[in-house]
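Shared between the two complexes below is chain A, which pairs with chain B and chain C, respectively.
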Partner chain A sequence: MLVTQEFTVEVEGNTILDDLTLEYGPGVHIVMGPNGVGKSTFAHALMGKPDYITEGAVQINGKDLLAMEVHERAQAGLFVSFQTPTPIEGLSNYQFMRQCLKEKDVTIKESLGEFKRIASEYGLPDQWDKKHLNVQASGGEKKKNELIQLELLNPTVAILDEPDSGLDVDAINTLVRRLTNYVETDDSRCLIIISHYQQLIEKLNPQTVTVFKKNGTAIQTDDISITQKILESGFNAV
Partner chain B sequence: MSNLEYTIKELPDLLPLGIRNNMMQNNMLLKDMGDSINTFKESVLLSNPYYNKFYKHMKVEKLLGFINTTASQTKSMSPVMDQFQETHIEFEDGYIDTKNISNFYYGPEYITSIDRFSANNMLNLYQEYFVPTGRFSDIAYLNTIGPVGIRVKPKTKRSIPTSYGYTTKDIRDQQKDISCNLIIIDIGAGSTVTMEETFLSNPALKLYNILYLVREDAKLVLNRSFAPDLGAHIIESKVIQFPNSKFECNTQGGSNPYSQELTEVEIWDNCTTHINGRYYIEKDIVNNVYTKLHHKGTDSFSRVDVKTVLEGNAHSSFRGEIVVDKEAINTDADLKNNNLLCSTKAVAISEPQLDINTKEIQCAHGCTVSNIDADQLYFLQSRGISKQHASNMLKESFLGLIL
Partner chain C sequence: MKEFSNVAENKYTAGFSTVTDTEDFEPGLTEDIVKKLSALKEEPEWVTEFRLKAFRHLQTITEPTWAHVSYKPIDYQSLSYYSAPKFRDKDDIPQEILDTFEKLGVPLHERDALLGLDTTKSANKDIIPTVAIDVVFDSVSIATTFQKELKEHGIIFCSISEAIQEHPEMVKKYLGTVIPSKDNYFACLNSAVFTDGTFCYIPKGVRCPMELNTYFRINARNTGQFERTLIIADDDSYVSYLEGCTAPAYDENTLHAAVVELVTHDRAEIKYSTVQNWYPGDENGVGGVLNFVTKRAMCKGESSKVSWTQVETGSAVTWKYPSCILKGDNSVGEFYSVAVTKGQQMADTGTKMLHVGKNTKSTIISKGISFGNSSNTYRGQVRINKGAHNSRNYTQCDSLMLDNSKALTIPVVMQYNNSSIVEHEASTGKLSEESLYYLQSRGLNPEDAISCVVNGFCKDVFQKLPLEFAAEANKLLSVTLEGAVG
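Take a look at the complex of A and B:
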């Protein structure tokens, strides 16, 4: 579904990711690595963040991802959640979603109903649809907003950047339940999760684990026990 | 005098020559408002408003492109009231038409028309509120055919659609002389009135000098909009808020090649004042906003919130003044002006000015000029929205138009 070949990313003159050849098929994949090694950069380079210079090749569902504009990458089925989603004053949460869904054949009634239902499941306040996008929202609320967007946009490949951060225990349980349900209800979906949260990793039963290294390279393995080693002995152990 | 063409800069020199039957020529008006007319005359003849330094950021030279022609001043004596489709009050240079919201010539029972023909128009009493400013509104005062307005009876609760200019475009297009409007809106005590104001332009300049009196315990809401057109508007409003009154002005503008919207509010005890402006300007449009809130009484609350999105070669100026008198204790005032620059060629000038003469108040201001936020743009694009659409969304959300 998502294949990178010799994928290199340069930001402000520094090579952050070097020569990555990785493959993500249907199911859940975990991405780990020490702070500052470029896990988020990986996600946003794939999304096409301006000022990121990329080399190599990336294909999503057989299409050349790097040849696409940012919005075309999203329309091709890629979704990247933000660690710190940007606030936009004057744009309500639902109006934002409505604009995102414009190209899809979804009525306002359907999308608003679904929006409210998911928001309610995440324990977001009433009238969440009318609140301005990520304005005066806590870290946890912003994360939940991202997860609502994920579910409504229904991408084929989603990269979630530490979706558990900022969430309380109840919200993490909801997150685990909803993500489990998300991949189980459609086994063609590919979910790449940047996380070091053991409970989340165990429950989602990942297919592969990618570990990013300080020199900009990464290893990908289907030996899931590597996550346990890392959590017990640190990244130097692998 | 036929086919005389002139610009706003030349008009002060022409006024004493009697180019039209204006305030200075009309014996009936000289009798009612003579003292005030003489004061304005002295002011304008002494100093041509075109050169007033007040306009230093307002690109008044663009007004020289609007040529006024006296020979076209023929239509106004035959009001076109029968052609209107919608119910509203209509003002145009010395004329008021309320017939279409009533079967009575002088309007519905909750309104009394003010014009030079009406008995008890009390023009002599209103003249005390008109003071020369040295600006174009002084020309509007002197060169209008006559003052017009409405007096809303006390305890009225109404929405009043109002158009400034003839609503039939063909007739507006014939109005090639300058349109000078001296308008009095007198909202009776205890009333709650919303005026849906639409400004319609002529090929020539339109000048307005509007007085709003918001009497005790009254509330006046102005919802202002401008028909997209090729004309220019210079609107100067003076608002007197009597004690315990509320005033709110919400403008959506920026569609005309040149605009000045100048609003001065005199605020007495226990009043609430809101001035909200939302402007989207592009191409070579010049849009200027000036607000002056003068707190004269105690315990009043005021907010100014003006936002402008600029594209192309657009030019915007904002000057916001808050004056708090020594006696105006417990004033709570806030002034904001935010500009979103979407072009490297567009210019936004923002000048807040506070003149505070007492310590027992809360007063704040904040003015910004910024570009489209690259992170916001990327965020919207990352959800499948094209760059152009995302950019438009950010402009609209900046103006609060897509809630």
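Take a look at the complex of A and C:
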């Protein structure tokens, strides 16, 4: 689904990620690593954030990802949830989704219904669909809104950047339930989750774990017990 | 965005010109030309005098220079002051002109206006049209629809030339009372050489059943367009009036100096909306319309109301300040504006709210969006007179910038009593790469992403437009932005 080969990322003259060769197939994958090693950079470099310089090769479903513009990457099936998505005045949460879905074969009734259903499950206020995108929203609300977008856009490869941070206990339970359901209902989906939340990791039954290191490299393993080891002894243990 | 592919090569879709047989005046601005114009239109003597008085005053004044715009000096003697297509009567409009308006999507025939329904075949005769239209091609009005239906309500909707002939007492009573011919250089020029425009009168207690619309088309080269509009809303009446305009892409500047006067009597309301899409010139600033317009409303009666809404995307240079004189007690003035400039365009636009009566209220919401090397100035004046007790003004000016463009906000507030409240809010923002990246990461192409941000930014103003116009404004904005994404 998503394959990186000798993938290197430079931001403002600094090499943040160095020579990453990683492979993500269907199912759930966990990404871990100390603060500041470039986990978010990894996600946004794949999405094509302006001013990030990338080298190497990345394929999504066999297509050359790095040759694409940002919107083409999204259309090719990539999704990245933002930690702090930018506010857009005057554009409502649902209107934005409608814009994104206009080329797809989904009626307003279907997509609006689904939007409202997911919003209410996450405990978002009534009329959430009419609220302006990330305007006057709390950190948790923004996170939840990103997760609604994930489900509506239904990408083949989604990278979720710490989806659990900022969420309260109830919301985390909903998150775990919805993400479990998300991968179970369609086993062709690939979900790469940047998280250190053990409960989430256990529930989602990941296929691989990738650990990013301070020198910009990363290791990928299918030995899931590594997450337990890290939690007990820290990143130096691996 | 499929519509976009058609316009990608030529971003200004109205930039074509029409070849038609015309009657033109030779270039030049003299007393004889003014007399000749008045004679051609068979005007009564008081109109000729009105023109000549303005012409003589014009010789003693100069163009204003305080606006943040620059343009090559206008050679008034090299312009022609009259150009009209030749035809006998309004049932004999040349095919090429009919084609022009069809291409522009302006319905000249009443049946076309009925939402595409052909009433000649339809059994349902009760369909109520939503818009009546007066169409001005260069110096003359060529068609006015639904006059008969409007007449049943006592509403007069015709060209100003026709009004001078048919309703002289009414025109005489109001012409030049809101904007005296000595008001400013361009209003004075217009008073001397105005050619056509629209006249509306809404009688007491009548709510106009349809939107009244004037469509201005400049076609001739080297001809100035000087339209004159006069709208009178009598006691307890209401009208929503729309104005649209386009011009061909010529590589010299075209001068457009209009005057619009509105009068509202007791408890009357006029909602005046403009979508201005004159040719803006090419990316190097060659050609384009010089849009020097004086628009003012007199809220004469108590509790009367005037609302100006404008979406300005066209013209090389815009100089325009739709204003309200709030004379009647409890009268209300509103100004909602979206001005988009790109390339080398320059806009200096805003409003004046003059509070004279007690408990008068004004609201100003201005949204300026600038791209490329353009400059976009908001210029506003709020004046609350000593006797305008308990008056209120709220002003909000926001600007959004991209590239090397300049945005300037010049609000002036003069308050001469202690019982009134004036509020002002302003914001200036850059269209951030971060926002565009976020929107694109969900699959929107760059044009759609910009369009989302800009539409959101303009939402407060777009909501004030009548429904049909809002759709048009949205489309126009998209096409404008299409060319702005670099």
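In this section, the second predicted complex is superposed on the first by the 238 of 238 C-alpha atoms of A that agree within 3 Å, B and C clash if a C-alpha of one lies under 4 Å from a C-alpha of the other, contacts with A are read in each partner's own complex, and residues count from 1 in each chain.
We adopt the following convention: a residue touches a chain if its C-beta (ideal position, glycine included) is under 8 Å from a C-beta of that chain, and two chains touch if they have at least 3 such contacts.
As the structure is a computational prediction, the values presented were derived from the model and not from experiment.
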item	value
Clash or fit (per the criteria above) of chain B with chain C on chain A	clash
Partner chain in contact with A:71 - chain B first, chain C second, else both or neither	both
Touched partner set for A:232, first chain B, second chain C, both or neither	neither
Chain B versus chain C as contact partner of A:105, first or second or both or neither	neither
Stretch of chain C, among 62-70, 98-106 or 116-124, that runs into chain B once the two complexes are superposed	62-70
Touching both chain C and chain B, counted on chain A across the two superposed complexes	47-50, 69-71, 73-75, 79-80, 82, 85-86, 88-91, 96, 99-100, 149, 153
Residues of chain A defined as touching chain C within the complex	47-50, 69-71, 73-75, 79-80, 82, 85-86, 88-91, 96, 99-100, 132, 149, 153
Complex contact set, residues of chain A against chain B	47-50, 69-71, 73-75, 79-80, 82, 85-86, 88-92, 95-96, 99-100, 103, 130, 149, 153
Partner chain A, residues of chain C touching it in the complex	432-435, 437-446, 448-449, 452-453, 455-460
Residue ranges of chain B in contact with chain A within the complex	373-376, 378-387, 389-390, 393-394, 396-403
